[in-house]
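Below you'll find a set of structures to go through.
What follows is a pair of complexes built around chain A, which joins chain B in one and chain C in the other.
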Partner chain A sequence: MIESATTSGRPTSSADRAWLLIAAGLAAIPLLYPLWTDPYSLSVVRDALIFGLFALSLDFLWGKAGILSFGHAAFFGVGAYGTAIVAPMIGGDAAGLVGCLAGIAMAVGIAVVVGYFLIFGGVRGAYFTIVTLALSLVAQHIVIGWARVTGGDAGLIGTPPPGIGFGEWSFVLADPVSQHYLVLAISLAAVLAIWAACRGQYGRVLAAIRGNELRARTLGHNTGLHLLVVLMLSAGLAALAGGLYAMVSGFVAPDLIGLLLSTEVIVWVAIGGRGTLIGPFIGAFVVLRLQQEVSSFNPRLWPLLIGAFFVAMVFLFPNGLLPLFERAWERMRGVARKRALAP
Partner chain B sequence: MDQAIPLLLNILTLTSILMLVGLGLAIIFGLMNVINMAHGEFVTIGAFTLSALQGIGGSYWLALLVAPLIGGAFGFLLERGIVRHLYARPLDTILATWGISLILQQVLQLLFGSGPQEVFTPIHGTISILGSSYPAYRLVLIAFAMTLLAITFLVFRKTRFGLDLRAVIQDRDMAEALGIDTRRIFAIAFAIGAALAAVAGVLIAPLTNVLAQMGANYLARSFFVVIVGGAGSIGGIAAGSAVVGGLETVLNYQVPVTVSQAIVLVAAVVLVRFRPRGLVPA
Partner chain C sequence: MSAAAPEPILAARGLVARFGGLQAVRGVDLVLESGELRCIIGPNGAGKSTLFNMVAGTLRPSEGSIRYLGREVIGLPIHTFARLGIARKFQVPSLFPEMPVLDNLLVAEHAGVSAGIRRERAERMMARLGLEHQAGMRAGALAHGQKQWLEIGMALMAEPKLLLLDEPTAGMTVDETRRTAELLRGFAGRLTTVVIEHDMRFVRALGCRTTVMHQGRIIADGPFEQIEADALVRDVYLGRR
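Entry: the complex of A and B
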């Protein structure tokens, strides 16, 4: 305890500084991107950022707390559909945001109910993953089957863009550039918030639960409550990403809530590096770009590649791709140092 | 009264299918503590075998013999090729078998097209039971499934293999110390589980849409069966299948299919809170 108190009290370690530097460097790219691009390319990057935010929500749950959800798209989809269904009922400039809040509230509510029964019922690991898979499957069935409300297979169009208004005064983000900056600001805030929270004592508690929950509980931590809170926050963040997607793209469809998206988000996090918080954004960008290329060649090929990726990941790089790069980087540095030391 | 008998038989139809699918999943889970996400694809393989055989003029009954062989072979290969190397990593087993499931679905789509496959019912007509008529094929389905389950039960209880299997489920290390070749048991059990699911695929094919993605539905339901009933015993699977199959069939009379599946999920989740090891713990 003494050790953790002193280390968390220290302003920033060198690892922290490196992380902040990388994060700032990466944030600069989407920050400056609107200067030289056309609206269409910008909307592609904006959507990729939203999916990166969604991947971040899973990374918080999987990378930090060690719980893998196989149905995270259920929360994303509830956020998106909640926004698309509630917003038209509200009307006015703020309709989109109010709808988004309703979507987030629904997702967090589902997370509380499911999480309470599962986490306090002692369900962990593989079992938890399975039940969340069923959750996503059922959510998809409901969205397709309940066409009167959700639009069925066709989905819903006409979700209003984000904005606020009081009487005469109104402020609506209708163009891709301002929407891009809104998404970027929210993403940065979310990454920094999770990073700051996990840097100190709280991160250590989560790491302890991830490593050995029984030991963490024996040390006096209410592990069930911790996991439930992380699940709630993660679900809320996923729903926020879903709501943003509905608002900026203006439509929702069943593929936003289905099993394939639940699977793809795991790929994004795994490729970017579990627990790295910036990695999921990189993973989402890289994979979505790749998906565009592959799908323009043959749309059937994509699920096949995802499947092959899962098998390859388990056998070749069980901790994600990032540690591979890190090892290569270490080796390069080692070689450079040897050269420098050589006479 | 004339409503009650078809309802009961509908429940029995779904229950026996779920038992066949869930049994394989439960044996594998109870034995090795791993979850096979590609288990639903064995159902699909069974249904596609039927469609392909009937397409080239083969009979339904031939498919009922061939499908378990093909399904069992796939199961054996999956155990040898993938699952065997991942016993200590349950989460990775989920990811790897999920990958296999996606690959199998896409390959089936590439080979057979994405539309529903054609299958023919071998028996037409209805049989009248206590004054209410019921499709003859469904009665054969129930009888066949029940016979198969009885045989499986006998194999579990009365043979040397069954004894070894139950020993490994109870305590793997102890069974190994007593000279049981656990790896052989795993491979055979995996193949049997896959073969049972493939038979279920043949049986259910004439009653449903035969699609490359049909496995996912049976995967989710058989998880409910295992969660509700408890893994590792045939009694648990029977109880779980009866609860899930009964609840879903009864609800289907009242509410849309999607809602009844959601209610079954909620019921399974709530039950986990109070009986974490299932209705009939091993």
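Entry: the complex of A and C
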């Protein structure tokens, strides 16, 4: 730490190097996975990656700027439904991507309107979380109620896969392997972009806002504007994940926009480690795998378990599981050091 | 005002702060010349910190006007006050305890200078505050006096024109207090500084014009020697009035 802090210019600290190493190591797994697996298992991993990307969007808002949204599934769902509704109107090879862009634009628009009034109205902490919870409920009700457009409970089938085309030439990612690589490339780009942005002064300002917003404001930072921009980017990224999900799975249903998904994404981030950017992907993988196991045993058990975990988290480890592991790790290192120093 | 007299950097007039039925500040004028060093003293609850809150923009006055560099600033967003060059150290050290010392200084610079210049400035500041060996240390782990210095350093990072220090020496040792007085005296003429203090030894060491507040009003104002000799001020401090 000290060594990195005192060298001038842009240092690459040991912590930075460790993070990059872990990120690269973890990226290698999904990169090589298609070599030895079947298309079905690959599609499961691909979908988990998409949910990891969704969790990353929440981690940017919650882990970096310190604001917890309980309505993030609304942004994911708007991206998914936007894609599924707009794409068939467009037609052609690029329909899916155009629909996805429309979904992202809608989600960012909602984030700007809702975020403007909440953030500049001074709504923070638990109040922000509760209002965004309502956002999730409203979105779910609209999707179920407006069946003529959204397909109601049944959802919409037939969202085209991602692709582009010019006249005769076309390039459509229709198979799980190419879709998997598309999702992986987008995920990596998003992780690296957020990581790079948060390394310098911008990350420091966000950390200051997270720690003590009023103090950050008295230091001359327009904290409201910073938070609104982070919320917009986070909503846009969530909608991108939703749009990707609609395109690769080919269908959307109300469970992509509901309260359960909003809760699950918080749990993924909490388990993976808030603010770590890689953690949310790990959290999504681990929890989705667990969900598969539990649901094959008894499908009704899962919401109960997630709910119980959530309550335990609020009371026992509000900062997520990572600090617990970090503390255990520090203690182990401390013991090891003492042993090494002992004659 | 004669043509030779420079315009005051700050001219606050008729400031009133009401909280429900309570008047914390009841009609205070505070005029500061550029480069001046000023102390504000007074017993607890006199309205000193409330006055700071209004000048620093975190509290909107119920009445009155604040002209800073010839411009009315009441109603501007909080972050704008800092951008205009008003920096403030809070009474309770309010740095970012989870962030390293160096980052606390870096984040206190808001003007958008290049990363290299920002870093250079932070390193110079750490050397000046004697914190160069604590650069990577969590700010929360610093000793109390060092925290106070770090916060003064944070206030100075953006090169302010008006520095407001709320009890900068609270919890400092005698030696630290002396060094703080030296630091502040070094600003004289270059930086307008207002200090709220309780420690009379420190105020004496600063030897500057001193304003005394009591129950929301200014009851005395003048050179410290004169204030020290003032019977009314003594009575207020001893609780006789």
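We take it that the second predicted complex is superposed on the first by the 318 of 343 C-alpha atoms of A that agree within 3 Å, B and C clash if a C-alpha of one lies under 4 Å from a C-alpha of the other, contacts with A are read in each partner's own complex, and residues count from 1 in each chain.
Convention: contacts are C-beta pairs under 8 Å (C-beta built on N, C-alpha and C of every residue); 3 or more make two chains touch, one makes a residue touch a chain.
As the structure is a prediction and not an experimental result, all values here were calculated from the model.
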{"item": "Touched partner set for A:V172, first chain B, second chain C, both or neither", "value": "neither"}
{"item": "Chain A residues touched - chain C or chain B, whichever exceeds", "value": "B"}
{"item": "Touching partner for A:L192 - first (chain B), second (chain C), both, neither", "value": "neither"}
{"item": "Contacts of A:L219 with chain B and chain C, given as first, second, both or neither", "value": "second"}
{"item": "Chain B versus chain C as contact partner of A:L182, first or second or both or neither", "value": "neither"}
{"item": "Which of chain B and chain C A:A208 touches, first, second, both or neither", "value": "second"}
{"item": "Touching partner for A:L26 - first (chain B), second (chain C), both, neither", "value": "neither"}
{"item": "Chain B-facing residues of chain A, complex", "value": "68, 70, 114, 116-118, 120-123, 125-127, 129-131, 133-135, 137-138, 141-142, 144-146, 259, 263, 266, 300, 303-304, 306-311, 313-315, 318"}
{"item": "Of all residues in chain B, those that touch chain A in their complex", "value": "33-35, 82, 85-86, 89-96, 98-103, 105-107, 109-110, 216-217, 220, 223-224, 227, 256-259, 261-262, 265, 268-270, 272-274, 276"}
{"item": "Complex contact set, residues of chain A against chain C", "value": "1-6, 8-10, 200-201, 204-205, 207-208, 211-212, 214-223"}
{"item": "Residue ranges of chain C in contact with chain A within the complex", "value": "56-58, 77-79, 81-83, 88, 90, 94-100, 102-103, 106-111, 115-116, 118-120, 123, 132, 135-137, 154, 158"}
